[in-house]
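Report on the structure given below.
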Amino acid sequence: MIRRFSTKTLTHVDASGKASMVNVGNKSLTLRKAIASCTVHLGAGVATAIRENTSKKGDVLTVSKIAGINGAKQTSSLIPLCHQLNLSCVNIEFDLKGNKLHITSTAETVGNTGVELEAYMGANIAALTVIDMTKAISKKTFVNNLRLIHKSSGKSGTYNA
Amino acid sequence: MIRRFSTKTLTHVDASGKASMVNVGNKSLTLRKAIASCTVHLGAGVATAIRENTSKKGDVLTVSKIAGINGAKQTSSLIPLCHQLNLSCVNIEFDLKGNKLHITSTAETVGNTGVELEAYMGANIAALTVIDMTKAISKKTFVNNLRLIHKSSGKSGTYNA
Amino acid sequence: MIRRFSTKTLTHVDASGKASMVNVGNKSLTLRKAIASCTVHLGAGVATAIRENTSKKGDVLTVSKIAGINGAKQTSSLIPLCHQLNLSCVNIEFDLKGNKLHITSTAETVGNTGVELEAYMGANIAALTVIDMTKAISKKTFVNNLRLIHKSSGKSGTYNA
Amino acid sequence: MIRRFSTKTLTHVDASGKASMVNVGNKSLTLRKAIASCTVHLGAGVATAIRENTSKKGDVLTVSKIAGINGAKQTSSLIPLCHQLNLSCVNIEFDLKGNKLHITSTAETVGNTGVELEAYMGANIAALTVIDMTKAISKKTFVNNLRLIHKSSGKSGTYNA
Amino acid sequence: MIRRFSTKTLTHVDASGKASMVNVGNKSLTLRKAIASCTVHLGAGVATAIRENTSKKGDVLTVSKIAGINGAKQTSSLIPLCHQLNLSCVNIEFDLKGNKLHITSTAETVGNTGVELEAYMGANIAALTVIDMTKAISKKTFVNNLRLIHKSSGKSGTYNA
Amino acid sequence: MIRRFSTKTLTHVDASGKASMVNVGNKSLTLRKAIASCTVHLGAGVATAIRENTSKKGDVLTVSKIAGINGAKQTSSLIPLCHQLNLSCVNIEFDLKGNKLHITSTAETVGNTGVELEAYMGANIAALTVIDMTKAISKKTFVNNLRLIHKSSGKSGTYNA
């Protein structure tokens, strides 16, 4: 059997098998960008509540957007082996169609390590904030398909899902 | 048209439509529990890497468990309108079958407000940590079906998905 | 000379003159509330920008409100001798008249120590967020009269400015 | 009517009117400096308490200084659309005259985005710490004239109030 | 061989051997207190610098005291399986004799879980702050004998080292 | 008497004797590395518990390792006058001999200020996590000899203990 990941190993596990941070000190400083997305399947009544609210005041989505941006900035405190980095931009966008709220989160830095997790975190925390703000209407809201859709720069080059 | 949520309103939006925290000062102190779960669909090679690693050292899942517990404790800093509360317990459990890693997160407190978001956050941060630790093997790992499966106590009583 | 504060001493300075936390372990658990306010004097063009924005999307004030609530929750990490406490409610209200934006911040807890600083912090961080979001229009915006306007419960009883 | 801010727009509001972070990835790395200040009007007895304390042990002002420095470092977690940055210096200075305590806060970085908010935050948290440490003596202490007094570098050049 | 800890097991390791938080939801609320201490062995010149500084301004020890108090409040974010709790008091005391700086840290809460780690953390962060503030004078300063000296209340009763 | 530190002064105390951050804005960006270590003297039964646990699951040491890495990343929030910096690597290693657990912590950055405190913090938080996870077995565990063993780059060059 050919091991599919023969040259791909767990980057966070060191020689003796213990968890460790990747040393990024000698990686080059380049513009690094990642985009993640997820779909929030809204429980009964939630889409209407968000939509009416949005058209009038935009509150649920504005609060969720702010939460997503703030969450992305906290990534290195939340994911144990993530490096600290200073994001040059985070953006969270919403697309509400029927009962599905699609969230796209973009993170960028000029640095020596990628920002995939920061992008995931933005989408993630935005989705949980939507759930928090609407859970009195329905507890059946759930999140699907939280995934990476784009990554550019870094050793592994550009990736598109 | 009958408004489906005629008696259920957005709890975080005040009379003038602006976002606000629910006042929980006169809610009773009771044992409150919530369970959330999600399924991490592992990209090619990831399940094997986790499984071998688990049987030998348990690292990926142990690190993700610790991250989930820590994340649950940070919920009120991440979700803008969540109340601060002291969790009496957080537990994160993993069930790896084939290429699917099922994560169950349980949060408990004795307090005056529910812990649904703390449960979601535990599952969520654990899932993202798995992604972070295995993203060098595959970028195709994604998270599905992040949802609430149980909630007990509080005004709305017991809920089971 | 009569020392005006003969019976009022610096609560955070211990017998040997060093800073210390007040021990609140034997204070009673009661509902404690505090209200603080400040006035943001908006630079040229800022009031119009907020007002148009508010009527259409509410963004500047919604973002500042969320920031104020989040800031109030971080008080014990920011003010060295403040006690940790779980707020049962934080509310931030805005009143925009001419070029003056009046911010009122209310904090409540059921606990053994007051929430004045949490109320101040809410008003304060909301004001700084307004400044951050409008500083490209004018750098002349400033904050005046950040003060306590109400405090109830606790040993010193009810205070109204 | 000539719109006074015809070429100056809300930098944190994107094309569709939603809040967003400014992308600073292509701004140049330069030395950036900002100075903010405020005046704390001390309630009866507070100035004396600080002064005596200062001459003997310096506690109130030292604690407030430390709090201001620490607060400045937390700016990007507190102000939602502020960028993360590593401050190369924060300094907090006090000038106590009569019942007025003047606080000057200086922040510097070598980076691609300004440090105005970091300077404001330093003055701000220092002022609130003075209030916290002296509120048992007087609740009438208030903060006035929290403003930017200097900013250098960045696209808009040097600004002096 | 008699296993010395036959009835004492690792409280943070669950049945399947994975790390987990102890559930403290059904423990009683009592006054809980812990005292930890350590000795900082000061490198050449450091004791004199602290002493002169202390007699004049108290800065090094005041800053370290504030850092220790703040650190104790952050314990549940730093120690993965520690519970969140609201400390009713933290105190850090210094005793400088010759080249040895003895630090005693006391933590108290009214709660359902002990505060040993909060006491350790206070002593610990105070010691590291002394090192940080004096490392330009000597890099040979080190910390010894960081230990628990007292614990009261809780299932295991009172402990004195 | 010859003052031993005639040319070495407290870097964190400014001209008027008040605490302040060193301005590192004009220091050069170089690879900076520091190694700190400590020895945890394990109470009765603890070494066996860790060892059995380690050989089977590695939990105590893995959790402590993760805690140490996370703690190192929080250094600038915990040590008041430490600069913010983005670590390119943190590593925590354990060596368990008899009843002594030796912890070595390595921190690296490419930056303009040293990482000694980050290295200390990693060792420190790892040690306290070991204590937390084993305190039900013995309360007599203590930490000795927390010290700097290596530092390279920076104005003062390479240091080895």
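To keep things simple, chains are lettered A, B, C, D, E and F as they appear, and every chain counts its residues starting from 1.
The rule is simple: contacts are C-beta pairs under 8 Å (C-beta built on N, C-alpha and C of every residue); 3 or more make two chains touch, one makes a residue touch a chain.
Note that the structure is a prediction, hence the values are computed from the model and not measured.
Note on connectivity: the fewest chain-to-chain touch steps from subunit B to subunit D number 2.
The chains touching subunit B as well as subunit F are A, E. Any chain touching subunit A that also touches subunit F appears here: B, D.
The chain with its Cα centre farthest from the Cα centre of subunit E is A.
Of all chains, the one whose mean C-alpha position sits at the greatest distance from that of subunit D is B.
One simple way to say how far apart two chains are is to compare their mean CA positions; for subunit A and subunit D this gives 31 Å. Looking at subunit D, one finds that residues 17-19, 57-59, 62-63, 66-67, 70, 74, 77, 80-81, 85-86 touch two or more other chains. Working note: touching chain pairs come out as A-B, A-C, A-D, A-F, B-C, B-E, B-F, C-D, C-E, D-E, D-F, E-F.
By the touch rule above, subunit B contacts subunit A in their complex via residues 3-5, 8-13, 17-19, 38, 44-45, 48-49, 53, 56-57, 59-60, 63, 66-67, 70-71, 74, 77-82, 116-117, 120-121, 124-125, 127-129, 131-148, 151, 159, 161. Those residues of subunit F that touch subunit A in the shared complex are 31, 58, 61-62, 65-66, 69-70, 73-74, 85-91, 108-110.
Interface of subunit B with subunit C (complex): residues 14, 18-25, 76-77, 80-81, 83-86, 111-112. Note for the complex: subunit D touches subunit E at residues 57-59, 62-63, 66-67, 70.
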